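Given below, in the form of structure tokens, are the structures.
What follows is chain A paired twice: with chain B in the first complex and chain C in the second.
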Partner chain A sequence: MIEVSHLRVAFGAGENQSVAVDDVSFSIPEATVYGLVGESGCGKTTILRCLAGLNRQWSGTIRIAGKTVGPVRDLAFYRMAQMVFQDPYGSLHPRHTVNTILSEPLVVHGIAGIGPRVSRVLAQVGLGESYRYRYPHQLSGGQRQRVAIARALILEPRILFLDEPTSALDVSVQAEVLNLLRDIQVEQGLTCVLVSHDLPVVANLCNRLAVMNQGKLIEELGVADLMSARAHSGYTQRLIAASAGYDRTLVGLDVD
Partner chain B sequence: MSGTTKSPILTVEDLRVGFPGPRGLVEAVRGISFEVGRNKVGIVGESGSGKSMTGRAILNLLPSGATSTVKSMRLGETELAGLNENEMLGIRGKRVSMILQDPKYSLNPVMRVGHQIAEAFRVHHRASRAEANERALEMLAAVRIRDPKRVFALYPHEVSGGMGQRIMIAMMLIPEPELIIADEPTSALDVTVRLQVLAILDELVTTRGIGLMFISHDLNLVSTFCDEVLIMYAGRIVERCPAADLHQAKHPYTRGLLASLPRLEDGHKRLRVLERDPSWRNEPIPAEA
Partner chain C sequence: MTAHSFERNASLRSWLLVEAPQSGFQAWMQSFYLAWLRLAANPLAVIGVVVLLGIGLVALMAPWIATHSPFDQVLADRLQRPSAAHWLGTDELGRDVFSRIVYGARTTLYIVGLVAVIVGPIGLCIGATAGYLGGWVEAVLMRITDIFLSFPSLILALAFVSALGPSLDNAIIAIALSSWPGIARLARAETLTIRSSDYVDAVRVMGASTPRIIFKHVMPMCLPSVVVRVTLSMASVALTAAGLGFLGLGAQPPTPEWGAMLSTARQYLLEHWYLAAMPGLAILTVSLAFNLFGDGLRDMLNPRS
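On to the complex of A and B.
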């Protein structure tokens, strides 16, 4: 469904140039969830933004649904691929009601039957009709992220890009959102790309994942390998160990 | 825990923090009591549970509009309740210091980090500039910065997040406080850097016999880092236990939180969703363990 080969992204020019993504290739089969994992600055979000067409400065080849795509995408592309952002406080318009927020993609794409579609998608994400005319500030963090997911789903896309969809949420709310994402993904056979620094979250949603460090793809793992901590590279092993919590014996103190 | 609370550094009794509003007082912290000894006490809770307000109330650094009352808040021999702003200045930084979440926002962007650390020392101790700079360099070395002289002269934007947080720790420790309140000190850091910062904090707090109040939303981290854990829900402490026993917690809220955490080894297993019971808000608070 998604094929990326020799993707390279660099910011700046000349001496100040920094390579954010360095010769990365991977492919994602249809109806699977693919994780991009790494620490801040490793290039994982940059890759996602290239896939979603939000970042236009890249070289290499990206094929989505069998077609090679360029930096600029057309409307049909966004009908097929939608994105959910990290922070529902920032990604929803504060002065639009849930109804307006959810109708807008339909208006943009010229799709009829807005009313019933909004009701259907609200039910799908577990929010009732009573939430339809509320403003974002009248919703909790989890409910807001449900609205953001509903906005992505209302166009019935085949691909969903998820950028840290639960990292701004409390753990109990995170559980609800993760369960919801899994249900929707299975039900609709969506292809998802999940960017996260949280390995347990990745283990919960993904079928396969790529570990990145300093712009390079270090290794690819299946979820079974991640669950049993079978990683080849030392870096991935360190990430897995660090996600288990604090262990005084694991840490060397002399670091800069 | 009896061994560590023999001579508590901080004793708080019946602390309340509220925000007066048009519909009456909204209480963020509703009557909590706890002690911090020469150990690491974790305060865990979800957003809005009152954990940060608890930390801020101790230093009287509440947002404007908030009111707090406390029956008694003793730091060693000193009663903090009822101190005026001037007297609090002698407590803040000198005897109790605070480390906040993101070093980007807590360091002065137009001042070299070394001078900021030295300033923290000179505010509380009579010392010449040269002497304070000397101490700042020692402190930078103590937080495991390899080249203290070079880092001393850097500005905050020139240091990484992990180094920034170590500089914050240096600044907070230089006046030799008795208690440190760390509010989500590592949430803005990457996981591998987080462990290094925690290890440094752990070492310094333990060797110097400083009490640490560690406020966090991360159950896993608190259960592995702290000695004792207090779990807050809706402004009250619903459970307290030794950190190592957190996974055998009894309160349904704590158990629900633990069950809703995704675990690496569980893979795609469906997560349990926390069902909140209204009775948790008002049931009796467990006594000091």
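On to the complex of A and C.
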């Protein structure tokens, strides 16, 4: 469904140039969830933004649903691939009601039957009609993220890009949103790319994952390997150990 | 108040405060009501609103409020002191000053209103477009803005009016010309913080067109500060209009205009101080009311500060 080869993203020019993503290749089969894991600033979100068409300065090849896509995408692409952002407090327009937020994609794509479709998607993410005319500031973080997921789902996409969809939420709400995402993914057979630094979240949702560090893809592994800590590279092993809890002996090892 | 109407008020209140609105219209009215409550909590702002509404009402009802025609000259009655017949006395041509001040409210509000209607949308469009698009579009639009900004507003207005001839409409164009750049700068600054936000990225991921993003998603966020800025600048617009009138470059005689009235009254200042004081007081009141209202609006629209 998604094939990326030799993707490279660099910001700035000349001496100040910093390479955010360096020669990354991977491919994701249909209806699977693929995780991109790594510490802050390793380039995982940049890859996601390139895939979603938000970042337009990259080189390499991206093939989505069998077609090579360029930096600028058309409406058909956006109808097929949608994105959920990290911070539900920032990703909903503060002066639009839930109804306006959810209608907007349908208006942009000229899809009829807005009213019933909004009701259906609200029910799908577990929010009732009573939330329809509220403003984002009247909702909790978890409810906002449900609205953001509903907005991504309303175009009935085949691909969902998830940018740390739970990291801004309370622990108790994280599980709810994760379950919702997994149910929807299974039900609709969506292909998902999940960016996260939270290994339990990745283990919960993903089929396969890629570990990244300083813009490079270190290794790919299955979820079973992650669960049993069977990683080949030293970096991945340290990442897994670090997520288990703080350990003083790891501190010195982290310097490569 | 009867029990029935009290009940209806209570249900209107609960309709406005209910947690789950049933329609987009209700949600709108709710946010207006909450904003009004915040404004009402600021006594000075309420004074500003009341004074502005009062002046608006006076302008609207001028033929019924004025005791005389503002144009009728009775040379036998010139320069009379305030009396029962002429509440604020008469000017050098025997015209009733009170009636001229009442009709002058029309002129002032006409100028202020028209300038606001011209300046707000132009500044908002140019600022939001420049801020969102960036690059050479921003460079061109903002340099034009800087050129206009570099002229002192009254001097620019003076030059414009003297080139096109003194008239009320030219004065309005001149004032508008010199007051849109500030609003464009403000809208651009607001847009710069908005354009990189997630909710704008979210509409880009929907495939929305650039004009749609600017008009529907960026501008509503710039609107509060632009409205505040326009309201506050209305005070100086009223002063500039009076200034142009004073110099004889605004409204032309016999149109009643506070600045022009002040200018002619100046010659009789020693014997007839009230002739200058009354239009001056009117100008002061309007610009003070706009300032108070603008301050209140700022507090109302930015609950954080």
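Brief remarks follow.
Rule of thumb we're sticking to: the second predicted complex is superposed on the first by the 247 of 256 C-alpha atoms of A that agree within 3 Å, B and C clash if a C-alpha of one lies under 4 Å from a C-alpha of the other, contacts with A are read in each partner's own complex, and residues count from 1 in each chain.
Following the convention adopted for this analysis, contacts are C-beta pairs under 8 Å (C-beta built on N, C-alpha and C of every residue); 3 or more make two chains touch, one makes a residue touch a chain.
Please read all numbers here as calculations on a predicted model, not as lab measurements.
Under the clash rule set out above, the superposition-derived model of chain A with chain B and chain C shows the two partners fitting side by side. One geometric descriptor of the composite model is the angle centred on chain A: between the Cα centres of chain B and chain C it reads 80 degrees, in steps of 10. Within the superposed three-chain model, A:G245 lies in touch with chain B and out of touch with chain C [touch as defined at top]. Using the contact criterion defined above for the overlaid structures, shared-chain residue A:S119 touches neither chain B nor chain C, since it reaches no partner. Shared-chain residue A:A52: touches chain C; no touch with chain B.
In the superposed model, A:T32 makes contact with neither chain B nor chain C. Residue contacts after overlaying the shared chain place A:H197 against chain B, while chain C stays out of touching range.
Using the contact criterion defined above for the overlaid structures, shared-chain residue A:L75 touches chain C, although it does not reach chain B.
Of the two partner chains placed by the overlay, neither chain B nor chain C lies in contact with A:S167.
Of the two partner chains placed by superposition, only chain B is touched by A:S228; chain C is not. Closest C-alpha contact of chain B with chain C, superposed model: 12 Å. Here chain A touches chain B in the complex through residues 39-40, 141, 170-172, 174-176, 178-179, 182, 197, 199-201, 203-205, 223-224, 226-229, 238-240, 242-248, 250-256, going by the rule given at the top.
Considering their complex, residues 46-47, 144-147, 161, 163, 190-196, 198-200, 202-203, 217, 219-221, 223-225, 256-257, 260-274 of chain B touch chain A. Residues of chain C that touch chain A in their complex: 19-24, 26-27, 31, 197-199, 201-209, 212, 216-217, 220-221. Contact residues of chain A toward chain C in the complex are 52-54, 73-75, 77-79, 82-83, 85-87, 90-97, 99-100, 104-105, 108-109, 130-131, 133-135, 138, 148, 151, 155.
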